[in-house]
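Chains here go by letter, A, B, C and D, matching the order in which they are written, and residues are numbered from 1 within each.
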């Protein structure tokens, strides 16, 4: 595998779908929100993306089954009050290198543009590093008109206090150069636990703006499951760190193993 | 996006233009100087450069509007006492990897060579790390003749005390291999604040050498604006650092977010 | 050399061979096990793989002879009780960058697929970081059926406690996308010495599952030899570290040497 | 510039030349030795190599003149007692990334192979990290025959105590795969100053083996010049390090400068 590739699992026709991105990031906020929409509305997976810029590893699930690093595209047809179509992008990783991130985001935009996407929502978390009393929702937009719309939904515009790193930023930046418009929504979170409250605040704004209808009842339950899954990723990373930090005098098996 | 690309916004004919580069670097000195020229002389933006070697992120301006990482080409026609044409390159970033820097600088040279550029000025700062009483201007050149000219303008030649890192160095080094000539001017600066005085010293030499006519009155004002903008970049970077340094025991959301 | 390449040394026909991978990793466990099989069963080397993503260096053997970084393919014909064919992959390194790992593993899979491989065993170590009383064998699989088979051989499934980094993980993840099935076996090891006991435990499971017949008598002897070879790699790495950490005031000869 | 390129300055016919490599490395030993041969025997520069994997910077010489990062090929015709031809490779840098090192070394081998090179000498230093009473010369070879020859010249074979990192190793490793043979000679040096004594010991062996005739009288003088040049590289690097380590609270001008 020398290039990022998308495997299409189902040919589907969509009518000017809205594109929602929620790849891994701060506080698990975006992923939690998007996974919830996918499950509650029975979204259908129709494509998978694999990239040589993903971490060179696999995950192992609770049954000992190997799961490659990947991003997944789901669709929703005729959803919500407006009866619109949606493409939702989730996954277990993002690209590691800058070049990889640009390549992957370019390919994602090529792909969703083929279905007629003109509007983008990217979801993420904004880490405060300290306890949050009531999770606010922060945002940014590709146009003044959309920024105004965010303000109407009580989203705090991130004026002069930072940028947006990773796919949530790049998809909007690169999308705007192709004439797509969109917003980034970021749930306020301490950042150091799986934050169902930040996801709830984020989802409320997203559901209002899209007129999707999703019950938020099982969100805390989902957060609990996610916490367990995350434990796995943490331990794997600790192992990787341990492997890189063998003490002097210990045998180093990185090169000759 | 897999390759660095230049979007031309306006077809313009220029006559043997002088090329001035001032991409981000030490002390904000070069950028401050070049932005000042662009504003005071109403230079016209005619092309934008995007690269997969730029940081994989976007900035957000004071209105919450997303701004991609990019370099921007401006032109000046029939400017200054000599009535010459100019291309000025500014931007909010440089390439991250060595390979990216070489690719971007090669493309920039291809592009300006197409307009007939034979002379290059690259602008930057020289960090002293301590307070500077009266900002000197340091320089280097691609030929003995130009080095002599620098000396006539009281520029201190950087003999035996270091090299030039990034686009300011590479454009001259790679340009000289194509038969372009040029100089690098570096304003002396402590390096840890937006230094209008270093930019003023630098501009004085540049204006003398090019015979451009620019009032330096509003330079301090511009420095103040820039200081605010910089705050934004700093905070964004701090967030990125925080994200990379989650303490053990905290949930790590980098891989599964 | 701009791409990973495989030099085929002998044209061989194999009948649906089983593929066993044991590139360098934690505790030398996999390599020790695979080298033992190769020597005891007189496996024949038939191809070598070289990659620009390997460390940019060579090793020097006990006679002062230079050995490039490489991976090596061996075959076994009509082996064990079942009379099956095997391809065994060993080497002195793995790729350094994520992109390199994906490229190399993709090429390895292309290559062994050409011989009809449908089943993969990847061998490695699982570092505990502390003394191990009796080395257990951990595992993961690409299907529920194979996971069940692992359980029958007393392999502990790595449920919810981590992933698999490097070629041992990637070959299974990328292989499963091509319809190959396989398992990863990991011998439990403190991780900081050449662990013949972990290799023995691993081999026992592998031999049971493949019905290969290999005496384990000389395994400790082999471990001793390996310990000596490893010393060499360690010292080389220490030199590299020393080279990178010259104290200030010392002449740094990295750029101008 | 997206690929490593070689600019040929003079078309020259050489008869089975010996290839001597001395790119920057430990203790300046190899470079000092090769520069001495080039100057004493009036070797002629006939080609330059530029690479996007070199550090993205330029050097500035004592006259304020910009010098790109590059490698340089010199030839010697009908030299020494044997009247053989030589290609000598020197420069001010090596590639930074593993992939870059492999690409550059592959291109170098393509280039010298075109002149009929079959024998390689690579020169470097072996750092002891402590004072050296009488500099020994260490070595490694691509064949048992050449290793034996090294032993006859009192070269200590580096059995079991490490490998060879960078171009001096790779050129031999990659060359041997093309049927070239060669040795690496490493002068023993504390490693933290420009070591004329190590270069002298190295040159003695090289001159004996090649039957080149070079006076070693001015070697110490040359070492002194080199020490001054190195100061420049050091200060430049210190600046780069300072730039990367701005203290918190200071303005960071890396992204927006």
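Going forward, a contact is a pair of C-beta atoms (placed from the backbone, for glycine too) under 8 Å apart; a residue touches a chain by one contact, two chains touch by 3 or more.
Quick caveat, the model's predicted, so the values are computed rather than measured.
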Any chain in contact with subunit A as well as subunit C: none
Chain located farthest away, centre of subunit A as origin (C-alpha): D
Chain copies touching (subunit C, subunit D) - same or different residues, decided at half shared: different
Subunit B on subunit D, rotation in degrees - Cα superposition, rounded to nearest 5: 90
For subunit C paired with subunit D, centre-to-centre distance based on mean C-alpha positions, whole Å: 34
Rounded Å distance, subunit B centre to subunit C centre (Cα mean): 48
For subunit D, residues contacting two or more additional chains: 55, 59, 229, 233, 236
Chains grouped in pairs wherever the two touch, ordered by label: A-B, A-C, B-D, C-D
Contact set on subunit A toward subunit C in their complex: 1-2, 7, 50-69, 96-97, 100, 228-229, 231-233, 235-236, 239-240, 242-243, 246-248, 250-257
Subunit B partner contacts - residues on subunit A that touch it in the complex: 23-28, 30-31, 55, 59, 92-95, 98-99, 101-103, 105-106, 125, 127, 129, 139-144, 147, 150, 157-166, 169-170, 172-174, 176-177, 184, 191-194, 227, 229-230, 233-234, 236-238
